[in-house]
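Letters A, B, C, D, E and F name the chains as they come in the text, with residue numbers starting at 1 for each one.
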């Protein structure tokens, strides 16, 4: 059935996720998974990025500003931003049928809506800016990993932005809030809240994306937001570093 | 399989449908099911109608005359009429997969062809007149119920017509002809003949739709037509009443 | 699953295909199946052909040069050639779902690419030349049968060409090469190599199509090519004959 | 000359002839074009027939295989009718999923066969509620010179008459002929003003796609009807058409008896 | 007058009123339109509800049938939520497969029901690992005058409250009421500059599609959230919206208790 | 500068160099770009490989699961090969269902593996006629700088060499390495007038998409061939290409032996 072909996010049986005050992978509650970012990994794209966030492996590519086809999709006074989130069939435990499912359509929509107010679309009338992200391996938090990669790819492509987007989730597991949940915490946890923030002049200015499913009190939600902000600042530093490294490499090459 | 995803009209086992000269729901042979019609039930549509005919519950909406997209579908000298018959997934016993199947494509076609010669298309060159009907609950005769609702919605939308369309079916069950068959009579009967007539100046002028499946002699078919005409005149009175009531309500409001 | 809906070419169990130096149907190794060709079998098409090659039965139709829709598909300096290979649902043992599968998409592509350099496309800017082939009964070698029929239909339609295309396959069965394999030889054989040649001034000029699956040594492949060339010349004679017959018939009619 | 202008010229010609009570191909108003039926062309199919109705050509293949019955009729075979209007058959047909025309065609043909109970489906039960024979009737248009409906309906019943149930291939006993017990025949008329033309050609259809198909069976019962096209039909003409269609069907049915 | 100009005029009007802290229909900024809930309209469905939220109308039907459980939760029923934005409901909706708007709508409604554990799925196991009850929640928009999300979420939980599991029809014992144990309520706000409008109408949406939906349950837990639309949200406003949404949900929940 | 003019300039440049027997990147006519093979990147897949052929990058993942065999080979595993030319990999790729290019790519890669009998499918029967291992080979293009076919074919066989059958996960005994017993290698050449360029880059493809792929196995048998593109090939060149392709395949095969 059409309406079923998706990665249903099912609440599974209870598993103890916090043992002796530590998470299953030994991380502290406010600790990110290891992150690896490399800018400029693809030749054909105008900007690109490879990113690992824990066991997630994603690639982002940016094409544009370029012509928009078909023409009636053009906007006379600004660029059209597209965002396509896609999972490779082999990226998950059970092979995923190729092509968009309802989950990826939704993620693509909210991710695009996060970038639209940040990209200086008015500089490129009638143009298109395309952001493509491919999940090669998935392990919870793929949408946040992809948003982080997309930001680096956009900078790599030289797309002017009002700020940088940095994304991380907070989960509630065994009654406590934890930063950047991995697969087990996402599957067996009580709540998951992915955030994306706009960072400008080195500080968080606003929320570009927020979704949530699970159960949290109002107070927990506010605490989760604070926790996510701290995590985002750490990721932001790594995004900057990857960009710098690329530019440095280019400069060395150019000398 | 694509070609199977439809409500197959299957002849089921024999059930006695006429008991002591009466139909299973107590109706006489030439008696319609109870009908309820309300015009102007939707805000967004230009015209609308809610109609019950026995256990059938349908809503019709009319949009137009309005612009036609894409442009190459426009006709330079007249309006383009569209008709979309659709069943809600929960309208039938076994949940129906959303979207058009072969049965609804055919019903949409013959229904549109019934209205095309009646709507004064030549008054609205390059425009579109869209008739949308939704079956919320189905109980045999949905196409006739929808046609009756569409007529009221068209009048409510102020679309000029050469006459009004009124629709009713005749079935053959246990060897006799009955007007406006319900589900049991349709499923277990010997024949079903849906008609739509054009009524003008209070009398039936012509046949706008006729289909048939089952088995009938030539004489029975002629008798069925006469029976349908009588039924149609009764429905026509109710359609007029619903329209009058709406106008009266409007006039009262406007005073 | 979408990616499975196709006629998978599976290697089946071993069956002895050469008995006493003869093929199962009594043919010699370099002998074609009986071929029957009739030109001009359809009224509506601009050119047409019915062709039997063994138990294969195919019809080809050519429409054009004609207008191309939608317009953006037009090419300003030459005709657009389309080729659609399609199998009737009843043409194979197990009923085939209507519509294109991956196999027919590939066959359509390589067949179109065989005709594109042969048809004088530059004579018909902005036009379309459509070649449609329908397999009514399939028995190995349908793509070669269709190419042979398409050539006759193109001539029948009066489309100017640089040469005629003639197609035949060579298979390897029980270690020997055989011309024009039938179903059993294709299913249980070791290799299958369909060729299409361009014939001009009565001799083979070049290869317009070649595909291969199976296992062959380099030497066998060269020998297979020679064998195919000889078979193609025989088919070419029959194609000419069918065309002549049609013209003769036309002339007689016109007298 | 553009297709549109050509159609207008044809239309004028058809109408001017008709004013004198004549058809452009010289037929009487109620005359059906010559019919040829060839059966058993497709040995890979369980049954097949090619029908030529004038220059219109349709081939129908019947394939059968065991499958699940519908839950409400657990002891009966299943008929599935499908029509492909492949672009080979007409310059106006396009490749792609079935459009409303091909869906209507398949459904009108299907109704004639189903409602006349042409196939005795009760003989096609293999195991009640579990397994029955599925009959796939595939209509494949080859050349559309008008009135594909009647040609398709005729090819369908001809192919069924010619069908052998492939029981052996599925390890279900001996093959046996498909039990066909009725002979539905569809007659389509084109309505032109006060007149109607039986079995219209494509050139005649240029006056407007205003047709009605009336299918009747061996006992002269009406078993299916379909008014198709944007027009209004007077009751009087409707009655006339019923009478004449049932009469003409008898003529055509004689051909079926020879199969 | 073109649709675009009309939208601009509406937008100006909405904004000018808002400068005085007023809404064009006279509501307070945090006031929800009048709500009517009608249940049990569709006797063919296992549960159904029509919700009128001002002039917005949505009908939800619930169908149930036995099916296979997901392998990782072999003992639980399955919920499948689907939304059709049929072209009857708005001049901007088009026929065709679900687009991103209807997919998002279905998923946001689904999350509220799923995450609040509104239905006790453990009570819907028929045979562990083999057969469980499938719940199809079909959202059918009838009239989109703004905020289809809240209307749909309300119609969905209302229909579930009204659902009878049709065990008898499938030979699985006596029918029983669907075990519903929580009452999620979605509250959607439109962000306009420094202000927000709860339960926006379509005319109000002319200022830009910048909304956030916050769903909370009977214990005032947040169970689902969705920021939707191209805009940036300040942290301060986010916190305010959480507080007010949970409060407003309480009001709406009172209506559900009457079903 | 428009894409079209740019292509024309590239084409002129390629052709002018070629007149001197040179390639624009300095390679010999029959020289393959540097190859890097990285395996085992995707731990969620049963096997995986990333191939870099110059700047062209392709990743292939292999997933396995039990499934039904085809009725005519009830004791053999099933291979299903699929290619996605995602728009990330090239400005000319578009999202959507597979087009003829990606279908051809998948089928050419598939034929090389299938016909060389690279995987011993008889070792992948679980229960004859009921259950066998299904091998899903998913080709995912990352960067198309020309000759995706050879890169994909190489990544596919590399991923298979690296595949472990996940028997344990499905309760079917111990995991075991996928039985790979042949090493098909595809070599694609671009035909330019009287010459051919082995392993063409995208810039070289600007002279016209006229290629032929010849796949050979460890015993130097040809196992698959595909002429692709609108052109005519002389018999003489065909024979030359067969010889050189088999030779070059040997070179590439050495890299596979290191996995």
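Just so we're on the same page, a contact is a pair of C-beta atoms (placed from the backbone, for glycine too) under 8 Å apart; a residue touches a chain by one contact, two chains touch by 3 or more.
Since this is a predicted model, take the numbers as computed values, not measurements.
When the partners of subunit D are compared with those of subunit E, the chains appearing in both lists are B. Think of each touching pair as a link: the shortest run of links from subunit D to subunit F has 2 of them. Of all chains, A has its CA centroid at the greatest distance from the CA centroid of subunit D.
Separating the centre of subunit A from that of subunit B, both taken as means of CA atoms, is a distance of 51 Å. One inter-chain figure worth recording: subunit C and subunit E are separated by 57 Å, centre to centre, where each centre is the mean of the chain's CA atoms. Work out the mean CA point of subunit C and of subunit D, and you get 31 Å between them.
Annotation for subunit F: residues touching 2 or more other chains are 82, 97-98. The residues of subunit B that reach two or more other chains are 1-3, 98, listed in rising order. Interface residues of subunit B facing subunit E in the complex, by the touch rule stated above, are 42-45, 55, 57, 59-61, 63, 66, 84, 86, 88-95, 98-100, 130, 132-134, 136-139.
Residues 70, 72-73, 80, 82, 97-98, 100, 103-104, 106-107, 111, 114-116, 212, 217, 220-235, 238-239, 242-243, 246 of subunit D are the ones touching subunit B in the complex. Those residues of subunit C that touch subunit F in the complex are listed here as 1-4, 8, 10-13, 102-103, 105-106, 108-110, 112-113, 116-118, 191, 193, 198, 204-218, 221-222, 225, 229.
Remark: subunit D residues 41-45, 48, 55, 57, 59, 61-63, 65, 82, 84, 86-91, 95, 97-98, 136, 138, 140, 142-145, 202 touch subunit C in the complex.
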